[in-house]
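Two complexes follow with subunit A in common, the first pairing it with subunit B and the second with subunit C.
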Partner chain A sequence: MSSSLTFDRVSRMFGQSEVLSDVSLTVPARSLVALLGASGSGKSTLLRIASGLDAPSSGSVLVDGQDASAVPAENRGIAVVFQKPLLFPHLTVVDNVAFPARMAGVTRREARSQALEFLDLVQLGGFARRMPGQLSGGQEQRVSLARALAAQPRILLLDEPFSSLDSRLTDDMYELVGKIRAELEPTIVLVTHDRREASVLADTIAVLDEGTILQHGPVPELHYQPATRAVNRILGGLNEVPGHAAGGFHTSVLGRVRVQPGVPDGPALLVVRQEALRLIRNDDGGTSSGDEAPTGVVTEVKSMGAHVLVRVRVESAPGSGSTAVESIAVELAGAPALRAGDRVGVSLAGGQGWVVRA
Partner chain B sequence: MAPRARALLIAAPAVLPVALVLTGALVAALLQSLGLLPIIGEPEFSTAAWDADGELLLATGISVYIAAASTVLSVVVGFLIAAYVLTSGVSSRVLAVLSAASVPIPHLVAAGAMGLLLSDAGFLARVFGMPSGFPGLVGGRGWGAAILEFGWKESAFVALVLVGSMARSAGGLCEAAATLGASAKQRMLHVLLPLALPALGVSALVVFVYTLGSYEAPWLLGPVSPEPLPVRAVRLFGSIDLTARPEAMATALASVVVGLAAIGAGLLLLRRVRGWR
Partner chain C sequence: MQAYQPVRLRAAGGTGITRPLLGGLLFLWILLPLVPLILWSVAAEWRAPDVLPGAFSTDGLAALLRPEVLTATGASLVLGLSVALPATVLGALAAFAIRRLPNGWARGVEMILLAPLAIPPFALVMGSNVLLLGARVPAFPSVVLVLTVTALPYTVFMFRAALASYDDQFEEVARTLGASSRAVLARVRIPLLARATARAAFLAFLVGWSDYITTLLVGGGQLLTLPLVLGSAASATGNEQLTAALSLAMIVPPLLLLALLAVPGPRRRR
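Up next, the complex of A and B:
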């Protein structure tokens, strides 16, 4: 029952401002694609166009390769869970979930018994007879999800459905999404501004910025091989080290690093995830061979809970002919005994780098 | 002092005079209708004004009919207007125009316009060129023109109340319903209508009580006889025959009684509808 969803050069103007421009994206059947972007980047607009609640100014939406432009929202078989639960206030929880079946002409009795199964799926079977006003925010959102699933959609669109929930509840919801995917295998587009949420749930992430898709790919690719600086920043990358690319190597304060093939010679930014860097304590005063890790001075140690973020001022290796100084961020597990002023070496795990255009 | 008592005390200067005048007037009217407060002569208890050969009962029936028909018409039309405004994305400016166009027009003027439009020598009859076959809306036994006049004016009022009460919730819920497979008609019946019910009930009550006591439209647009309550009350009250005064009071009180009964029944019903709000 799952279908693929394709946006083909979709644009949307509101008056003079172009909120979406030439968005092309394919969501394969049964996959989960996260649409990641800052607030106002056009994510909700794209979902509204997919669901038929809004129409593109140009371009088209294809479901299983068929143009859906002429199909009204109620016949598209695309269900949406909105940021707000939008439960019908005059119906009990079970009747809210039974609503899609009732609209399709199923008897009340039959619709309710189906609804109860979906309520059980979201673990709210015991709340069937309550009114929506008597639920907590997380419960309302789960009912909303059950109601969308009860419509047996070919495609499920989730528009920041968990953004108002606390972190423990969101973890429960992530588990629920996993369970739903295992049991019902719907095609899902998840809109979120939270890169952690996107990374946890999605097969692939599409990064939307100011109405254009910057990059669409598997989760590790987005993190370690971003197409542009903007993608790196949106995915939380903190290090863009300026330097020079030549002959497959990038030279900067971090030294000479082998980079991806096909990089043209010239100025380039080395992108290194803060999680991919290690710090080496130079307790012995730094006496070693020429092929040594670059060193620097710790300027800041910031707690991030179970991790710490360390900022290091790294200078060019002596004798390299450069006087560049860069602040490099390194994220470390545990609680290392580091203080501002400590001298450390910075090492790049794996020794392989990734550059983007400066 | 308990907060409740305090609130009552604060409201008292506003409420007391109104309550006094209202009760005073009602009691005086009651006494007069029973012959106990005659303008001339000795007080003498009599219920004659309350039977008057069944005329009072007939007038009450007519008034209830006009009010009920006008209420149904305005509620249905008002709901349709509101549903259209709320779902078609028409801006609130259109609604402002709509309400500005009809709400401030006095009923007397509206009734006059209706008369010109609908009478059997009126505008529509001439446009359609059927002076003989044109339905007797003005002055006819069905009070058609009066009901249309009330329906026109009050449906704008109903629409205004409904849009105001649902503007925030209706759009999102209708969109959610659409993505769940509800057709436009189903969204109207299964989402908008239940959502509108409390406000619809209150405005229906207001329209019913208002049209029950409204004088101009039935007076201008209805037949000379029989008469609904307000027309009868005004005629008897203005009569040079001073003995008609008890009947005028009984007629006025009858509309008060029907109005109060409607409000009581309406509020009871609304309490049940309101449960989920």
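Up next, the complex of A and C:
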């Protein structure tokens, strides 16, 4: 049975330091919400409070709308998978996974039989009789996941469980989480500092910074419509172009760009994802294709594997009355033949921008 | 291009030959003193400068089955176990408590707990003897009490070392899997600290098993243990065979316990 989880104005003080400040967040049943933030942002503390391993200084945690603050961790029905697998070293793999059933009073034989089903789910049925020390890091984390699922929790909390695995194993684990979601439909809260992981796994992302939730929304919204500069940066956005908003348009070195409705007139930052920009090659060194696309000079071409990150020094369009110069990052697929010093045009795909307060 | 040659690091102990050689010498250093003891225990006659006894007999070993020796062995065993139990429990509790203290406080408490090691046993015994006599505490509990204090530094040290690598998250994860506080203790904490507990209990047992001064002075002659019988035999002349047999009786049980501790569990971990 999957349940919803709600944090209602949760704060947590450690001495004089406030680690969480008035956090409110709802995780709908059967959804996967990622808590994304840097180290020390308070995301793990929030998870500990949800699980009952820590208590809030104020506010409450609701499970299916019921206040769970007085319910001890062992009775909350909320299982946690930590960064370390924490398999009990004195128990075999199957007995580790059978642990929750044993705690619930199930006989050893029955608990082991149930545990084998969960081990099969994580594709480790053949490892049942091994000791944890005989498993690889990835296998240990799979067993840890199977053990948490064997508790048949109402909510599953994942506290950076894949951060110590290599990229290939991490991708395998992502696939496994997808499979588990399809088969068991658990409510999952994932704590991570990895925006790629959050984007790949989560339905929605809550960005946590210095104990406060800056924004909670679907993955594309956070990438393309960040609420603040901080959210844009945490989600990996590289461009914050200063300019002026007026009448639903933002004017900057990137020209006049239509922005979201309701933006008050005044100074504003145009946040535009590096992936949403295109470069127009300008072989004759003149302005690009005769349209209004701003132009600039390539200052850096950095390989990012299958992509390249190009930095362009963009100047204000002639006749705009401005002399501003900005460095704009553009991420391109493939290996474009670009070198520092090349003159290029920069265009915004879709022609729609998003501004935040300067 | 030059082929890559893997560098083989040499162990600090030296080459492949010196290490087993040093190990062998260390082994001999420990075992050699036992050889004359074993020979004396079966020597009916052994005169200098003979390398080996002139005649052999099992009288010394047979003497170990005398009722007074068996009673003394039983008393030592009870004393060892009586010290091991409270010293192990208190050592574990103290180590857990110290772990929760701030660093400065932890060091202070640790120093107090280790103090019995720095005080000469005779001074410790004389001081506590006056107190215990004044409080009219019977002999056996008095001896157990003093020896438990003597054993405490060893057990605290064993648990402190074990807790340094103990991860509290094991207990947290157990709780989120439905384990009550009691189940966490029985199914997680105790099994994870089992080896440290066994080692601590062994050391505390040795303190009680092999004690002479405390049993003699605090026990006031009412408690006859194996070390007292051994001391009495050793102080008399012409008792070399019995003394050697009693010495072996002192050594063998702890060695058996040690061997038991060294046996790996039924499930070997990598």
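Here is the rule we use: the second predicted complex is superposed on the first by the 351 of 358 C-alpha atoms of A that agree within 3 Å, B and C clash if a C-alpha of one lies under 4 Å from a C-alpha of the other, contacts with A are read in each partner's own complex, and residues count from 1 in each chain.
Note that contacts are C-beta pairs under 8 Å (C-beta built on N, C-alpha and C of every residue); 3 or more make two chains touch, one makes a residue touch a chain.
Remember, predicted model here, so these are calculated numbers, not experimental data.
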Practice item. Overlay done on subunit A, so just call it for subunit B and subunit C: clash or fit. Key: clash
Check your understanding: Looking at the overlay, what does A:R147 touch: subunit B (first), subunit C (second), both, or neither?
Key -> both
Exercise for review: Pick one for A:Q134: touches subunit B only (first), subunit C only (second), both, or neither.
Suggested key: second
Check your understanding: A:H90 contacts which: subunit B (first), subunit C (second), both, neither?
Key -> both
Review point. After lining up the shared chain so the two structures overlap, which partner does A:I78 touch, if you call subunit B first and subunit C second: first, second, both or neither?
Key: both
Study note, to complete from the structure: The intersection of the subunit A residues contacting subunit B with those contacting subunit C is 51-53, 72-76, 78-80, 82, 84, 86, 88-90, 99-100, 102-104, 131, 133, 147-148, 151
Study note, to complete from the structure: The subunit A residues in contact with subunit C across the complex are 51-53, 72-76, 78-80, 82, 84, 86, 88-90, 92, 99-100, 102-104, 131-134, 147-148, 151
**Study point:** Sites on subunit B touched by subunit A in the complex
**Key:** 169, 172-173, 175-184, 186, 190-191, 194-195, 197, 276-277
Check your understanding: For the complex, which residues does subunit A have touching subunit B?
Key -> 51-53, 72-76, 78-80, 82, 84, 86, 88-91, 99-100, 102-104, 131, 133, 147-148, 151
**Study point:** Residues on subunit C engaged by subunit A in the complex (per definition of touch)
**Key:** 167, 169-170, 172-180, 183, 187-188, 191-192, 194, 267-270
